[in-house]
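Below are structures written as C-alpha cells.
Paired with chain B in one complex and with chain C in the other, chain A is shared by the two complexes that follow.
Presenting the complex of A and B:
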C-alpha cells in the first residue's frame, strides 16, 4: 500500500498524489455529490446523466432497496414503504416529529433508544439508516466516476442543525462507510462556490430556502478568511411548506375533506409541486384534482406563500442585527435551495436588502460545489488553500440548574472550536453526586430547550453545602459537536461524556448496524478496519519521523528522544500486520508518548508566528 | 503558548486597555489561518486534538479582548481584582438613582406615541455615556487607580445591559 503523504507546513506534497475527495449535499428533497477535477468543481451525474438524486428510499417486501428516482416513482402508489424528506426527522424524537405535523404519511414506531423508526415492508427503518442509503448511492456514483475508493467527504448540514441533528448526519456517514472530513454548514459552502473568496473583503448574506429547512447566515470575508458572524433560521420551514399550503388550497377548491388517505395526500402534494415549479416560468397554470379543474396564478401563489416568506424575512433582519450590522452593509446576497427559484421569494429578498441577489449558479447545486472545494483542501490536495472557515454554533449550550432553569455556558454565535468552563457547587450537606443535564437552546426554562445528554458526577467526598467545587467544561469541536467533562476540584473526581444526543445512536448501535448491514459483509468490515488503522499508522510514522528529524534533538532530552525512536520502530514493524486491534493499540501508545513533543512543537511554531509580529509591529509604533 | 497564556501575549498586544481592534482582528485571522483544525485535517490525531485546544484558546482570548467590558474585567482579574457584578456600586446612591431613572424611561418608551423616535432619542446619550466610561477606565487603569477602575467596570456593565435592552425593544417594536 502506498504511503500517504504528510507534508510539513509550507511544503506541498508531490503533485501526483491526488486524493479522492467529494462534497456531498445531503438534502431534504434532493442530494448531490461533487468533486474538484483539474481545479474546477463539478457535480457528478449518474449513468443517465442526472445530477440530482431524489432523497427518497423505497423499502420492498423482499428486502430490496431502491434509492433516488426509482424510489420517488413509488411515492404515490406505495407511500408507507417509501421514505421521503427524512432529513426533517434526523436527530429527532417521536414527540418532535409529532409536532412537525399531523399530515405525516408514515407509521412511526418507537425504539428503545427513543429514536423513532418508520414501519416499512422492509422492516423498521430509522432516518439515519435511510440517509445512509442515500449517502451510499452517492458514494458509489463518485467511486465510479473517480475510479477508486474515496479518501474522504465533506457533508453539508444546515447551519441551524443542532447537536443531535449533526451527530445523526455523522452516524449516517459512518453507516455508509464514508470518512467525514468535516460537517460543513450549507451557507458557507454556497459562499465558497460563488468564488466570493476571490474578493478581498465584504459582507455576505446567504439565504438558503431548501425543501425542509431555512437558513440565513451572515458572513464576513477578509482575505480568504470567512467568519460566520451570525446564523438564524428555522429547521422546519421550507419548500415542503409551500407545497403543503398549495395542496391545501387545491384540496379546498376541489371540495375535498380535511382528512385524506396517504395516497390522496401524495397526489395533492405532487400536483402542488408541479404547479409551483411551472409558476417560476409562467404567470399562471392549470390545476386539476379529484375531478376539479381550475387555475393558479402568481398573485394567488404569492398570497399562499406570504406567511412563510415573511417568516424568512424576519429571520434575515434578526441575523443582520445579531451580526452587529445594518441591512445596507450587506454587499452580496447568495441564493441557495430550490425554493429560491420562486419569483416571489427573489422579489421579496431583493426588496429587503435593497439589491438583487446572486442567482447565477444553480441553487440546487451550489452547496455541493462549495463542499467539494472545501473537501479538496481538507484532504490535502491544496495544503496552501487560501480559504479558511471560522464557523459558529447556532444555538446556545448550557446546563440545568436549581429550579428547572437553564444556565448558558456557551452562547450562540460563538466561534468554534470553543472550550468554556463554569464552576458549580453542591446544594446539600454531604451531597455525594451531582446530576449534569446538558441543554441546547435559547429559552430560560429547561423544558423549553432541547435535552442533549444527562450524566452523573459521583463519589464527591462529603462536604458542607456549597463547599464542593465542580468545574464543568464544554468543548465544541470544528464540526460543532460537543463533549462535556465535570470534575470536582478539591478531590479530583472526574466524569466525562461525548455528548450523544438523546435521540441518537450509541456507538455500539452504529457498530451493530454496520455489522448487520448486508452491504458490508463481515470480512468487508474487518478489511475496512484494518485499512483504516494501517493508514493512521502510516500517517503517524510519517508525521513523527519528519518531526523528529526537524527538531527532535532541539526539543527533547536524550532519553525522551530515545523513547520515541523505540516506539516508532515498534509501530513501523507492526504497521503492515493483519491485526487491526494490535495496530490500534500501538498507535495509541505512540500517540501518548509523543503528546508532549507535539505540544512543544506547536508552542515553538506559535512563538514563531508571534515573534514575527513583535519585530514588525513594534517598529512601526 | 500554553493553555494558561496571557491573552494580550497571544495577540502580541501591549498591556493596556485601549486596543487597536483592527490589528487585533488581523492577528486573530492570522493565528487562525495557521492553527485552525482544518489546517490539520490530514494530520495525526494528536495534532488534531492540539489544534482544537489551541484554536479554542485563541477564540476565547479574541472574544474577551474584543468586548469592552470583558476586556476590562480581564485586565482587573490579572491584578487579582475579581469583579463580582454590580455589588461594588451598591454604595453609590447617585448611580443607583441614575439606573432607576433610565430603566423607568425605557419602560415608558414602550407605550409612547412614537416609540421609534423616542427610543432613538434615548439611545444616543446611553451610547455616549458607555463610550465615556470606557475612556475613564483606560485612564484609571493606566494610572493604577484600580479601585476606581473596578467601579467603572460595574457601571459599564449596567450600560451594556441597557444597550442590549434597547436593541431588544427595537426588535420587538419591529
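Presenting the complex of A and C:
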C-alpha cells in the first residue's frame, strides 16, 4: 500500500502522479537532502538515521567508490584517494587549484578541457564528478524515503558563486541524473526556512559559518520578494580553520614539530574537532594527543578563535555598508552552518547586531529545509504560486570595445533575472565580422578584468564604418547564468554564446577585483581617457589617409596637401604617447586643418549626387 | 458510520497542522480516478463544505463528504514507517481489490 501525505486543499495528487521534489544543500563539509511531507519540511536521514552526509568521496583501486562517513574514515589512512571539500574547486581553473593545492594533500592533473582533476587510485576525478557522487548518494536516499524517482531538486549554492561555479554545480546534478528545478542562493534558502518570507518586509542578515567557508549576505524582503542586497565573506574561512587553530595549539602543547605527515595532521584535526564540539555543551574538555594530556576551556578556545571570528565580524560590517544600510537596520539575523553552534560566535554576532540571532532551527539543516520548501512550490505542490526570488550579480558584466576598453552592460548588484541590450557599430569600412569579448569586472581596461567568453558575429554585409547596427543582449537567468546574443539589425545575422565555464575566479578574487576598482579608480579613468583619445586618433588617421589618397591631389593645393600630411605625421607619432591631453590637442589641430578639405569633399560628393537629376526628383522623395 | 485514527496518525496530523499554522483539520475522501477506479484524498481543511460530516479524534477534526463516507465507513487512518519511507495509510475494510502499487482501489 502506497503511503500518503497530506496535501493542500484541492491538491491531492492523482494516483501515480506524486510529484517528488527535494532540496539539496551541497555543502563544502556536509551535504543534506530535505523534502516537504504533509506541509512540513524535514531533512531525510540515511538507514542509520544520520542526516548529514559528509561531502567526502573515496576512490579505491578496484574502482569502488565510497561516499559520506565511510569515505571520511579513509581520510586518515588514505588522504590521496579521498576527496574532501571539493566544493572549493568547483568551476575553478588549474592555476587557482594549484595555488590552494600546496595546502592540501591531493595530486592534481590537467585534463583535456582545462579543468583540473585529482589523481586517485580510481583514476583522474574532476570536482564535478566527485560532487555528482555526493548528489547521487542523496538522490538514492531521497528515492528510498519518497518511494519513487524524483521529479526535481532545488540545489543551493553560495550567493557569490559565479557563472562557472553555478554551471559546474548544474553539470554535477546532470551527471547524477537529477533534474535541477533551480539553483537557489543559500542565504535565501535559510531565510525561507525560518518563514521570514511570510513577513511583509524586513532586512535579514544571513551569517553562514560552515566547515570551510564564511558567507555573510544581506537580504531585503519586500512583500514576499527577496532581494540580495550585498554579499561578502571569505571562501577560505570556517570550522576547518577553527579545527586547525585548535590542532596547532594541541600540537604546540604536545611539543610536536611543525611539519607533520598528512596522517598525523588528520589525527590532530580529529582531536581538535572533537574538543570543539564538546565545548558547545561543556565549559572545558580533556584533550589527549601524541602522548600529551591536558584541558581546553571555553576562554582559551575563544582566544584561539578570536582572529577568525573578528574576521567574520569585519565582513559583516562591510556587507551591511555595501548594502547601504546601518547595522541597526538589520531586523533578523539567521545563523547557518555548524560552526555557529560555537557559543563565542553567537555572542559576538549578537553583540555586533545588537540583537540575538535566530538559532531555533538546526544550523546544519536550515539551508536544505528552505530549499525543500522552494522545491515543493516549484514542482507544483503548493497553491500559493511561486515565491519570486531576486538575487544580484556580484560583478559587472560587459564587453570589450575598441582600444581595449570595457563597456559595462549590466552593472554589479543588478537584480536577476535581467536582460539588457546595447547597440554597437562597425569601426572600419566593409567590416564583415565583429569579435564580441564578454568580460566580468569593475575596471576600465580589458586587461584588468576577467574574460568570460569570446565569440564572433560573422557575415555582416559590407557597409561603411558606423552604418552597421549590432544589438548585443546580455541576459542573466534566475540561476545566474549568462547568455550573450549579438545581432546585426539591418541583415539579421545573429550569433550567441552561453557563458560556458571560464574557470578561475574565487570570491576573494571578486573582493580583490572590487577593491582594485576602487584603489585604481583614478588611474583607470586616465587610462580610459588615453585609450579613447588613441582610438579617436587612429580613426582620424585612417579616415584622413584614405581621403587624401582618394582625392587629396585634386582638391588641395600643393601647400595645403603638404600641411595636412605634416599634421597627420605629427598625430601618428603622438598616437602612442601616454598623454591623452596632448593627443586630444593634436586631434583638434588635425580636425581644424582638414576642415577646408572636408568641406570641398562634401561639395564634390553633393554635386555628384545631384548631377543628372531634375529638381522634381527630390521633391518626390 | 465511524472513522478513526491511530495515536501515531493523530500525533502526526497535529504536528503538521501546527507547522502549517492554519487549518481546521484534515479531509479524508475518495475520488474516482486511477488505474483501478478509486483513490484517496488526504488534504488540509481551510473551509468546511456544507454537507461535511465531522469526526473528532482527540484534538483533530476529520472532515468527510457524504459520498466518500459511503466508501470509507470503518476506515482507520494510520501512520506507518517502511524503511526510510513514511506516511499515512488508510486501513479501509471496504476495499475489495487494489492496483499493484496500492494507489487506487475498488470497493
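The working rule: the second predicted complex is superposed on the first by the 396 of 621 C-alpha atoms of A that agree within 3 Å, B and C clash if a C-alpha of one lies under 4 Å from a C-alpha of the other, contacts with A are read in each partner's own complex, and residues count from 1 in each chain.
Basically, a contact is a pair of C-beta atoms (placed from the backbone, for glycine too) under 8 Å apart; a residue touches a chain by one contact, two chains touch by 3 or more.
From a predicted model like this one, the values you see are computed outputs, not experimental measurements.
In the superposition on chain A, no contact is made by A:164 with either chain B or chain C. By the touch criterion stated above, A:245 is placed in contact with neither chain B nor chain C.
In the superposition on chain A, A:45 contacts chain C only, with no contact to chain B. Legend: residue contacts after superposition of the two complexes on their common chain; A:37 is shown touching chain C, with no touch to chain B. In the superposition on chain A, A:206 makes contact with neither chain B nor chain C.
Taking chain A as the reference, the larger set of touched residues comes from B, when chain B and chain C are compared. Taken together, the two structures place residues 4, 6, 9 of chain A in contact with chain B in one case and with chain C in the other.
Touching chain A in their complex are the following residues of chain B: 1-2, 9-10, 12, 23, 25, 27, 29-39, 41-47, 50-57, 59-60, 62-63, 167, 171, 174.
The touching residues of chain C, counted against chain A in their complex, run 12-13, 15-16, 19-20, 26-27, 29, 31, 33-35, 39-47, 80, 82-90, 98-99, 101-104. Listing the residues of chain A that touch chain B in their complex gives 4, 6, 9, 181-182, 222-225, 227, 317-318, 321, 377-380, 388-390, 414-420, 475, 477-478, 536, 539-540, 543-544, 591, 594-595, 598-599, 602-603, 605-607, 609-610, 613-614, 617. On the chain A side of its complex with chain C, the touching residues are 1-12, 14-16, 37-40, 44-47, 141, 144-147.
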